[in-house]
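Look for subunit A in each of the two complexes below; its partner is subunit B in the first and subunit C in the second.
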Partner chain A sequence: MRNPWAQTGNYRTSYEQDTTIFANYREIVSVVLLLVALCLLPLFLERSQVLVLNFILIYAIAVLGLNITTGYAGLISVGQAAFMGVGAYTVALAAPSLPFWLTIPLGGFVAAIAGFIVGIPSLRVKHLYLALATLAFQEIFVWVVGRSPALAQGAAIPVEMRNFLGLEISFRNHNYFWYYIILFVLVLMVIAWRNLLRGKYGRALIAVRDNDRAADAMGMDPGRTKLFAFALGAFYGGVAGGLLAYMQRAVVVEEFTLARSVTLLAMAIVGGLGTVVGSLLGPAFMKFLQIYVERLSEWMKANPFIQSITPAGVDVASALLPLSFGLVIVLFLVFEPRGLYNWWRLLRSYFRTWPFKY
Partner chain B sequence: MKRGFVLAMMVALGLALAQGRTVNLLWSGAITGPTSDVGGPYAAGIEDYCKYANEQKLIPNVTLNCIVRDDQYQNPNTQRILEEALDRAKPAIYLGYSTGAMLQLKPLINEVRLPTIPASAHIGLIEPPHNQYMFLPVSSYSEQFVALLEYINRTKKNARVALVVNPSPFGRAVVDVSRRAAARLGQTIVDVREVGGGNLDNTALLRALDAAGVEFILHQNVAGPVANILKDAKRLGLDKKIKQLGAIYTGGSDLIRLAGDAAEGYLWASSYYTLDENAPGINLQKQLAQKYNRSADILNSTNYTAGMLAAAIAVEAMKRAAQRFNGRIDNATVYQALIGMNGPNAFKPGFAVSTKAGIEIDFTRTEQTGAEGLRILEVKGGKFVPVTEPFTSTLFRQVRNP
Partner chain C sequence: MIDFIQNLISGIAVGCIYALAALGFVLVYKSSRVINFSNGQFIAIGAFAAYALTVWVGLPVLLAALLAMLLTAGLGFLVERVFLRRMVGQPIISVIMVTIGLASVLDGLMYLTPFGSGNFTFPQFLPPGGLELAGINISYPQLMAIGFTMVFLLLFGWFFQRSVLGIAMRAVADDQMASMSLGVSVRRVFGLAWAVAGLTAAAAGIVVGTVSGLNQDGLIAIGLAVFPAVILGGLDSVPGAVVGGIVIGVLQSFSTAYLDGVLGQIGLVGGGSQYAVPFVVLLVMLWFKPHGLFGTEEIERV
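Right, the complex of A and B next:
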C-alpha cells in the first residue's frame, strides 16, 4: 500500500474509492485546518468585518443551492433571491413562536415547496423559456409580498432573538454569534451537497443536464430529477434567507429582488458553476469587489479633477459598480468560464507538484 | 528648569484644549446608484453645512467630523457602513437615508440608542416598535398626503381621487391613512395604482383614471415617474381635466427639469422654503453653494436644502448637548438635546416654514416630527410658488392610527 501522506495523485482502484468525499488524507487535514482558521478568524476581526463575512457565508449557502439547480441540473434559475425571500418571510412569521433552530429549516422546507411548484414548468420547457418561468416567479414573489398586509407590504418585519441557552445576544455579540451559526449551517450544507452529488441522485442530475432523453432511456426519471433539483436548490435558498433574516434583525422585500437573483447567478458563474469552492469564492469575490468599487466611486465623486474631466450630466461614479459588475461577468465568461475555482485548482496543483511542473 | 518644564506642559495642555476634540456625525445614502439624484444633493447639503459649522465654530472647542458614505441604495451596504462607524467612529448622531434600510435598521438603532434623522419620511420609522431614536426632519409622507386631501377638500367637495404610488414600502406608506382621511372628508379614492421608474407611456393609466371620473391624482413617488405622467397627461389633453398633486420627493427643480411645461399647474406639498424666498436658511444655502463651488443643479435642488436642514438639526443638537452636559457630546446627550428641542427651545434655522405658533423645528420624546408646518406650492411659469400659507394637517392626528 502507498503511504497516504506521500500520495501525489489519485490511485483509485474501486468504485467506493471513487465516491469518497475526500481523495486523500491531505485533503482531510486541509479541510480541518480551514475550519479551524474560520473558527478563529472572528477573533482578529471587528464586528463590522464579521458582518461582511456573514453576508459572504449566507450568499455562499444560496449559491450552493443555485449550483444544484443551475450548476448540476443545468436548469437556469433567476429566482434564487425569491426562494431566499420565501425562507426569510417564513422565519419572520414563525420566529415569535418557534426557536431559530426550527424556523430556519422550516424556512428551507417552505422554500423547497415553492421550488417544487416553480420547477413544474421545467417538465415542459428548457433553457431561456425556463429562465423566463423562474423570472416570473421572482416578480410574482415581490408582487405578492408588496400586496400582503400580513407581510407588511414589503416593509420591515422585525426578527429578533435576544437569548440562546442563557447567552444574551446583543449588539456586541450579535454578528459573532450568527457567524458561528451560519458557519455551522454552511458546513452541514456543504457536507450534504457533497454527499448528494456522489450518490445516484447527484449522478442523475448530471445525466439529466447532459442529455435528459438519454437519461430517460437509462432508467432515470428526468421530470422527477428536475423537480428534485429545483426543490433542493430552493431549500438551500430558503435556509440562506432565514439566516439573513436573523442576521439583519428584520426582513424587507428589497433584499429579495431580481437584482439580488442576478447577483447570486453572477456569484455562481464567477466562482465556477457546479463546485463547492466556487460557491465560496464567488460570493467573497463579488462582495469584496463591491466594497472596493464603492470606495473608488466615493473617491471619484469627491475628486475635483475627475469631476472636472467628466462631461456634464454623466455620472461615472454611479455607473462604476454596474459597469464593473457586468465587466467581471463578461470577462469570466470569455476568458475563464470555469471561474475562480479553476484558478484555485491550478494553484493547488502547482503546490502539489512543486518543484515539478506536472 | 522645573518651572520651565511645568510651563511647557501647561502650554501644551492649553493648546490641546484650545484645539478641542472631534465629534463624529455619520450619513450614508445613495450618492451613486438608484435615487442618487436625491442622494447626491442631500449629501452635498450635509457636507457643506458641516464645513460651515467647523469654520464658524458652531460647537465651541469641537471639530465636527462628518462621515459621508455612499451605500449605493443597498440595504446590506447601509448596515455595513453603520456598523463600521459604530466600531470605529462612534458617531453621536446618524443621518440616514432610504425607507427600506431605515426600517430594517430600526431594531439595531434602538439597541445602540443612536439618535437618527433619516431622509425618508416614512411614518413607520417613528411608529413602534423600536422608534424611540428616530426623528423625521419634516412631516411624514402620510401627513403630507392627508394635508393634500384637506387642500383638495377646500377647493372641491366630495372629490374623486386616485393615488399613484411607488411600488415599494416608500410608496405604499400613504395608502391606508389616505383612505381613512378621504372617508372622513367625504372623498372617494377611486383607484390606487403602483407606478415605478420606466413608465414611458402612461396612456392606459391616464385613460382608465379619466374613464373612472378621477378629478385629482395624488403622487407618492420620485420626480421621474411623475414627470412622465404629467407629460402624457398634457399630450392626451387631460392636464386641465385632472389636477395632479404630490408629496415631497415628487416635486422640486428635478420635476420642472424633467417635465418641462407639462409641470405647469402641478401642486406640491413641501415644508421647505423655495430658493426665491428670503429666508435665513435659504440665504445660507445660496452662500454655501457659491463658496463651495456647487453646480446650479445642486443649488436649485430641494434635496440640498433637505440635507442642510438635517445637518443643521444634528449640529444644533450637538451644540445644545455640549452646553447642557458640560461639553459631553455623545449619543445619549444628543438624544436628550433633541427631545428638549421644543417650546421656547424650538430650533429655527430658516430652511422650513413655521407653524402658526411660529415653530419651525421641534421634537419631544413622543412627537418625533420636526417641521410640522407645510405649504402647497404650484408650478407657475416654470417655478414652484406657494399657493397656501403654512399650515398643519388637522385631520392627520385623528386618522393616523386605524
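Right, the complex of A and C next:
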C-alpha cells in the first residue's frame, strides 16, 4: 500500500477513481487550508480592502460562468456583463419584497432564461455567429435599461438590506457581512462547477467544443449542449450580478457595459480558460492591475513634469486603463495563452518535486 | 412622402459609411476567418489622421484623405504582421480576443492624443446647401458620401476582377490550400487584406467627417454597427456587405424618424432607437437566417 500522503501524481487505475474530485490527500488539505485562510482574511483587513476582495470574488463567480460558455463549450461570449446586469436588475426589482437568499437565485434564473434566448442561434450556427449574438444582446440590454423609466434609465436604483436574522447590517460591517455571503456562494458555485464537469453534461460540453461532429455521432446533441452552456454560464453571471447589487447597495448600468464584458473575458483568459484556479487568479490580477494603474495616473496627474509634457486636452488617466488592459490581453495571448494557471501549475510542480528538477 | 424620401436618402448616405467599413471587415473575414473587433478604432484613426493632416499640417483635403488612408492601411498591415500572424493555427477565441485587446490598446493610444475627448469638425470644403430635386434636398456631403462609396466600389470591383493581387485574394478566400499550391503567397494576401481593411475603414471615417462631426465614441460605435450590416448581408459576401450596410443605414434613419415616437408611447423614453435597431436585426437574422442574404450557407447537421 502506497502512503497516500506521499503521493506525487495521479495513480488512478479505475473509472471510479477517475471520477473523484481530488487526486490525492494533498489537494484536499490545500483546499481546506485555502478556505480557512479566506475565512480568516477579513480579520486582518480594513473595510476598503475587504471591498476590493468582494469585487474579486464576485467577478470570480461571473468568470466561472464564462469558463463554462467559453472555456468548456468554446463559445465566445461578449455579453457576460449583460447577464450580470439581468441578475442585478432582477434583484433590484425583487429586493423590496423578497429576502436575499431568494432574490439572488431568482436573478440567476432570469439571467439563465436570457442566456437561453440569446443562445438559440447555436442550434444552427457555430462560434463566430454566437459571439455576435452575445454582442447584440449586450448592446440591446444597455439600450433598454438606459431608456426604461421603470429601471431609472440606468441611474442608481438603491438595493437595501438592513438586517439579517437579527444581525444589524450597518455601514461598519456591510463589507464584512457580504464578504462571507459571497465567499459562501462562490464555494457553492465552485462545487457545482467541479461536479458538472465530472458528469455527463459537462463532458458533453468538452466533447462538443473539441469536435462537434464526433460528439453528434456519439449521441450528444451539439445544439442543445451549447444552449445548456449558454444558460448555465448566464446563470453564474446573474448570481454574480445579484451579489454585486447587494454589495454596492445600488444598481447602475455602467457596471454592465460592453467594456465590462471584455474585461470579464480578459479575466478568464489571463487566469487560464477552463480552470477554477484561473477563475480566481484572473479577476484578482485584473482588479489589482486596475487599482495600480489608477494610482499611477493619480501620481502622473500630480506630477508637475508630466503635466508640462502632456498636451492640452489629454486625460492620461482615461488612456492608461484601456491601454494596460489591452496590452495585458494581447501579451498573455501571444506569450502565455494558458494564463496564470500555467504559472501556478509550474510553481506547484516545482515545490512538489523539490529538491529534484522533475 | 417627401419626408419619407428625405429619410431614405440620409439613411443611404449613412449606410454608405457602413458599407465602406463593412467591405474591409468582410475581406479580412473571407481571407483569414478572423472577426475584427478593432474595426471601429481603425475608422477613428483614419478620420483623425485626415483631420490632423488638413487642420494641423494644412494639406489640401483630398491629399490629406489619401495620406490618411495610406497611413491606416499601413497600420492594418503592421497589425497583421505583428499580432495576427503569430495567432495562425491558434483557437478562434484567441484570435478574436487579440483583436479585442488590440481595440483596447488603440483606444488607449487615442486617449493619449487630444482626439480622445471632445468633438471635431472637418473644415468645410463643400459648398453649403445641396441639390434640390422636386422638393427633396440632398446635401452636398450626403452626395459626396454616396459618390465616394460608388467610386470605391467600382475600384474594388476592378481590383478583384482584373488585378493579379485581387484574383490571388479571391483564390485564398476560396481555398487556401489550393492557392498555396499554385504559388499564391497566403501570408502576403493576409497582410494585404488587413491593409485594405485599414484603407476602407479610413475611407469610412473620412466620409463620417464630412457628413457629421468627429468624436471618438461615435466613430467606434460605427465599428460595432458594422456587425449587423455584415450579418445581414452574409459574413463572407462583398456585395452583401454593401447591401447590408445601406439597409442598416436606412433602417437607422427610419427608426429615428418613425420608431422613436412609437417607443415613447409604450414607455421607453429618450428615443435613440437607431442604436438598438441594428442589433435587434442582428439577433433576428441569427435566429432565422444566420448566413445572411448573400452569404454562403454552410449546411452542417451539427
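Throughout what follows, the second predicted complex is superposed on the first by the 347 of 358 C-alpha atoms of A that agree within 3 Å, B and C clash if a C-alpha of one lies under 4 Å from a C-alpha of the other, contacts with A are read in each partner's own complex, and residues count from 1 in each chain.
Here, contacts are C-beta pairs under 8 Å (C-beta built on N, C-alpha and C of every residue); 3 or more make two chains touch, one makes a residue touch a chain.
What you see is a predicted model; the values in this text were computed from it and never measured.
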Chain touching more of subunit A, residue-wise (subunit B, subunit C): C
Which superposed partner A:I329 touches (first subunit B, second subunit C, both, neither): second
Which superposed partner A:A94 touches (first subunit B, second subunit C, both, neither): neither
Which superposed partner A:E254 touches (first subunit B, second subunit C, both, neither): first
Touched partner set for A:F171, first subunit B, second subunit C, both or neither: first
Touching partner for A:R124 - first (subunit B), second (subunit C), both, neither: second
Contacts of A:G146 with subunit B and subunit C, given as first, second, both or neither: both
First, second, both or neither for A:L183, with subunit B first and subunit C second: neither
Subunit B versus subunit C as contact partner of A:G74, first or second or both or neither: second
Partner chain(s) touched by A:D212 [first = subunit B, second = subunit C, both, neither]: second
Residues of subunit A at both interfaces, subunit B in one complex, subunit C in the other: 146, 153, 315, 318, 320-321
Partner subunit C, residues of subunit A touching it in the complex: 70, 74, 76, 78, 118, 120-121, 124-129, 131-133, 135-137, 139-140, 143-144, 146-150, 153, 212-213, 215-216, 222-223, 262, 265-266, 269, 273, 311-316, 318-330, 333-334, 337
Residues on subunit B engaged by subunit A in the complex (per definition of touch): 31-33, 36, 69-70, 72, 75-77, 79-80, 83-84, 86-88, 99-101, 103-108, 111-112, 122, 124, 129-130, 167-169, 172-173, 194
List of subunit C residues in touch with subunit A within their complex: 33, 35, 83, 86-87, 90-94, 96-98, 100-114, 116-118, 224, 227-228, 231, 235, 263, 267-272, 275-276, 279-280, 282-283, 286-287, 290-291, 300-302
Residue ranges of subunit A in contact with subunit B within the complex: 46-48, 51-52, 55, 146, 152-156, 158, 160, 170-171, 175, 248-250, 252-255, 290-291, 294, 297-298, 301, 315, 317-318, 320-321
